[in-house]
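Scroll down for the structure; my scribbles are underneath it.
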């Protein structure tokens, strides 16, 4: 378990905009789990999708500046909640190992990197270092009764030969973490099918079409809510849910939680740190399902029970 | 020593870029060379005659031929010098064609190089010794490992040729993969009708001794004289008493045992006979599923058995046999397709392998030959076949083509239509590989007569939706994505070397390739031999192949065995290692490294010495490179010979 | 469509794509798996596997002017499932880089969005969503698309009016400046 | 780095090749007329496992400018294991050369199969260029010829 | 009880069950000791009965074990000596049950060459009339002259990189084995050589080997040399080297010895200690030791169950990148 370990933290631009609740709740959860985050000082945008679509060296240079900021903290392990940022930072590290690439990047940046860096998602650290079992032990309010559809998006695990996190075709991190919290996790075969990503701005029909498919399938499973780990996915499924509804001529009304928000609830964290009010599709009805049955279960016992069950299902 | 050197022109092949006469002149001044001459085609009849005459007339005691590669004509010229009365090992070659005239443009440089190579050959020859082959007695009996169609063919052919055969099969019944098939391509004839009688032949042939549910514990010895230990696994049923009546299998209360023969498509009893045509038709208890053997109370089968064959106390036991040759026919395994997350990695019951589908098609299968979906027993109407699952896929370490999947998929599409006339089959393929007699016509029939829809493209993902399976793929011929809600998805899972192949290879001391397939002696000219004398290959253990090829190889291996053991004594290659016992200090390093177990420890007046078993030694020379004091020397490649060659090059 | 002149394949183009993407185009045996799983394929003129094929044939013009290279969402489904472990998404990225460098018009909206986004990053050091949307809409004249989203977002405090500017904005701006000046390629001794 | 041209004086390069793969590969290169530099002379051995690392130093100390060992690719050894041992021994032996004052690039070992004619051509070409780049080797000039090689002494009796 | 006395007691207890116990006793002068073969209780009196005591126990007595194979013998060992025994057992050159290993906490052994060098100009070891270790210094008397040397300055180099001050394996141990120090062999001796250019190294060996008198003391002192009377140095079949006085052949012999020890040498340094010409022959062996440690993570003489790395293989070698070239 990572309790006490310190990481550099890269919040990403959306953390102070469209996914402010993800940033807040990620910090809160990490604090509760003993993962110490130190913000990268004066970090810059990783360039997101546009940068790597314009040039890989430019993209890597933007990331390299951030990693250089980590070096000023004496850190070389950086965490970020956002898979898009993760992909850029991770690819920069990977590409810098390729011959000739480093020289190009160094020609663009002020301070070339001096160390080997690793970049991981907050989710990866919680899943691999803290582990769902340990999370289950800390649950004070089980999410019993809540039926969730886990949605991982494209980027976090793929391709496996590069990302080295979880299963590239059937990831389990969110599944197991949510089970550890006591929620029911529905089998969702589209858990990595693309939501449309950044295509919403240029043409929101694309996101509507792709996200709509995901929403339709989730509703057909009888889910109470989505649980996600990506600001862009969350935005497409939540903020653009109405657009998708229009595209398919129907309504969905499916709240889309960040996994950190649900963890915050289960760990009994201060609600104000979870930003549930920031969700566009109102989560009240879904949240009301929590604890409908088995309310009498003692928190600790339920936590342990969940763990066993999660293992059996795995 | 009186050495004669013959420099070949090879027409203009050598002479065009090497000054042959200059080489002859240089050779004349080399130590102990008494005769040097050029020759237009040394390997031709007059060329060989010239060598013979020179040996006789000039009393040569050693011959060097500088011509092509020794890998081509060394045996030829050895016979030549032998005809003239020399020992055939008093001969060396210098390769001045492949290594000189064909690869260098500069005539002066080529000539100098040719002279060096001749000098090297002369220096080596000066240290050559007369070697005389030994004759070793041989046991006229063959071990056939594996009772699939290839092994059965090899065993029956050997028995037919008058050879005693010991057959070892790891499963409770022989028959192999073929016994699981419903029909065979391209004739769509019944697999068990073809194979069944051959299996019965094995059981009835007096020359064949069958050990089913057994494995090879160890093999020692060498060609003509292998000592084999066979481990007979406990069946908990005395097969001498068991009549195969099957009563026990009806009464066994433990009915949830994994059915290996049916590829898990059904369940079986803890005591079972794998299938009605099994040979031997004897019952076996799966210990893990047996209530009594796994610690509970039961004993129903023992009570019910009229011949008191059930013996819960039975243990594995080992027997030993002596054989003169071995045929490995251990077949293949299906690759573990669950690495493919995109097809559900085994989570969806209605995504099955082609071999599982065979069991659903087979009248002797768990559904009695009615195609039923594993999930709900419903008859599928839309059946999708995905080809190349685990074949031609470097990302999962299987870059090779399994070779038979295109054909059996066509067959399965045809059979699907036969079984369910209103069904539709979709075959996703990359290329259709059907180069065999009647094969391509067969795949055309699947499409033309049986209306199988062939889609040129891959399936990206399969996922459940309601009680259907959504299949998302592409048709690359129209360049568009395609989708289908299917009832059943059949994966044409490729084959791989059987899991135990490397272990067996090590016991047999044969090599295997990076995938675990056994290596043949030569890809063209020794397809069923291995590099270990007396060990032959048949069927898919050497590389994936279909039934006709497996059978052909079984027969070929049998022919090799019959040829090898047609004599009572075998000649051994004398180019082996030998130990100078005076120098040997008994440190055992050579014994440790010998890949063939050809060196043993002997006690010589209280001192440990190494001793080479010449018939086992394959002549690699690893021992010679290992022995610190140089006590073990490989004949014809001694340290002194190599050093002489080095000196010949460096001092020149 | 004019026949592809096989003899006129642009070997330099193939080499450039291979070097810049570090992927071996010859490895592709056209199974189609990349095309099969591509979620954006419905927007493409050529499928992913056809693009790879066109690169194999050295068809610079056809590849760089295709809609597909702009519409790729970099979801990496293709890269994940390629049996030959070709990073197809990276190849498409590289084709888009080349198309940009060589002045192909491409998909206007996609290109303008990227430009607007990077402009925001260049000026502020970080992306300012509201600002970049304004720039984007100004350029595309698509004032009404997504307009319905704005009130809710503003209400939730998810679209700050003012950009978050970093202190060392110059460092980020310098990265862009040096990139534009071609410093990266000078460092590597010219474009590969 | 000096260019390898036709005028460059030939250097002495000794190759130890296993009979089954690399010697065959060199034959295949010949059959395919894959032109190579002429410096290398090949000593045929049954297996790379037969290569005593001391052969290499013996050659280098006797006046060779470079030594190349080539065997079957790992797992493809005709004798199943010989090249696995060779790989370890040769790899370890590489460490000795620079300590003796011999450039470690004067010795390389590699794997070439019987079918890899083009590969053999590349191996020979590259290795020869490598040795030419290093130039002629120094060697212990005071070493006399090994006496058993002198005419008349004949064959050693064991 | 002093370690020395404890050892004597153990030897006395061991003697009845063994052919002899090999230990260290007095030698030609005050500084030099020599091996003693103790068969009777009275033989034990001379054990370590030298001015230098355990500090003078320089010989690696494992040397004698292979020859005594077949008989049960006891042997007193320093930690480094025990590694030779471990290696001999691992290679089945001796039988573990035939050796009674007696260990003690070694604090380092003397390098007599260093002592001799420290003597005043023109004085020889034989002139030393008395010696005593007092604290961390060695006090020597040469007639009337008294000199004192710091122990650290006259310790053998190998002691500075010793990982096994106690015995790796032992049947009896005098005193309490200290904790194994966390030393890493930095191969400073090799680094010094490698600081030279290739040409200088070549000349270095030419110069060093020219002093060789072909006495083979190096080989004869090596506990792991298995060839003994069948050394290739004296053989014509195979005929690796000539009998001539050539530097090349002298060096060739050292290379042969080092190659035979690759993956087996425990670095006991007896070869170099035995060399009357003071040639640094251990360097070549240590070159291989370093290479073997790098490639296989293997140190000879630490595990009786280990197989020397050159007598085995892995199908996939983690640390061999043989495809780097071509």
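Going in written order, the chains are labelled A, B, C, D and E, and every chain counts its residues from 1.
Quick note on the criterion: a residue touches a chain if its C-beta (ideal position, glycine included) is under 8 Å from a C-beta of that chain, and two chains touch if they have at least 3 such contacts.
Only a predicted model underlies this, so the values are computations on that prediction, with no experimental measurement involved.
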Chains contacting each of chain A and chain B, listed by label: C
Most central chain, judged by mean C-alpha position against the global CA mean: B
Farthest chain (mean CA position) relative to chain E: C
Between the pairs A-C and B-C, the one where more C-beta pairs touch: A-C
Where chain B and chain C are represented by their mean Cα positions, the distance between them in whole Å: 50
Approximate Å spacing (C-alpha centroids) for the pair chain A, chain E: 61
Computed distance of Cα centres, chain E from chain C, in Å: 67
CA centroid of chain B to CA centroid of chain D, Å: 33
Shared interface positions of chain B, touching two or more other chains: 342, 461, 580, 582-583, 593, 626, 633, 639-640, 643
Per-residue multi-chain contacts in chain A, two or more chains: 168-169
Residue numbers of chain C (touch at least two other chains): 42, 77, 85
Touching pairs - complete list by chain label: A-B, A-C, B-C, B-D, B-E, D-E
Chain E-touching residues of chain B, taken from the complex the two chains share: 580, 582-585, 587-589, 592-593, 626, 628-631, 633, 638-640, 643
For the chain B and chain A complex, residues of the former touching the latter: 340-342, 344-345, 347, 461, 463-465
Contact set on chain D toward chain E in their complex: 53-54, 57-58, 61, 74-75, 81, 84-85, 87-89, 91-96, 98-103, 108-111, 119, 122-123, 126, 138-140, 142-144, 146-148, 156-158
Residues of chain C defined as touching chain A within the complex: 20, 22, 39-40, 42-43, 71, 73-77, 79-80, 85, 87, 90, 93-94, 96-97, 100, 107, 109-110, 112-115, 117-118, 120-121, 124-129, 133, 136, 145-146, 148-149, 152-153, 156-160, 164, 166-168, 171-172, 174-176, 178-179, 183-188, 192
Chain B to chain C touching residues, read off their complex: 342, 388, 392-396, 430, 456-461, 472-474, 476, 479-481
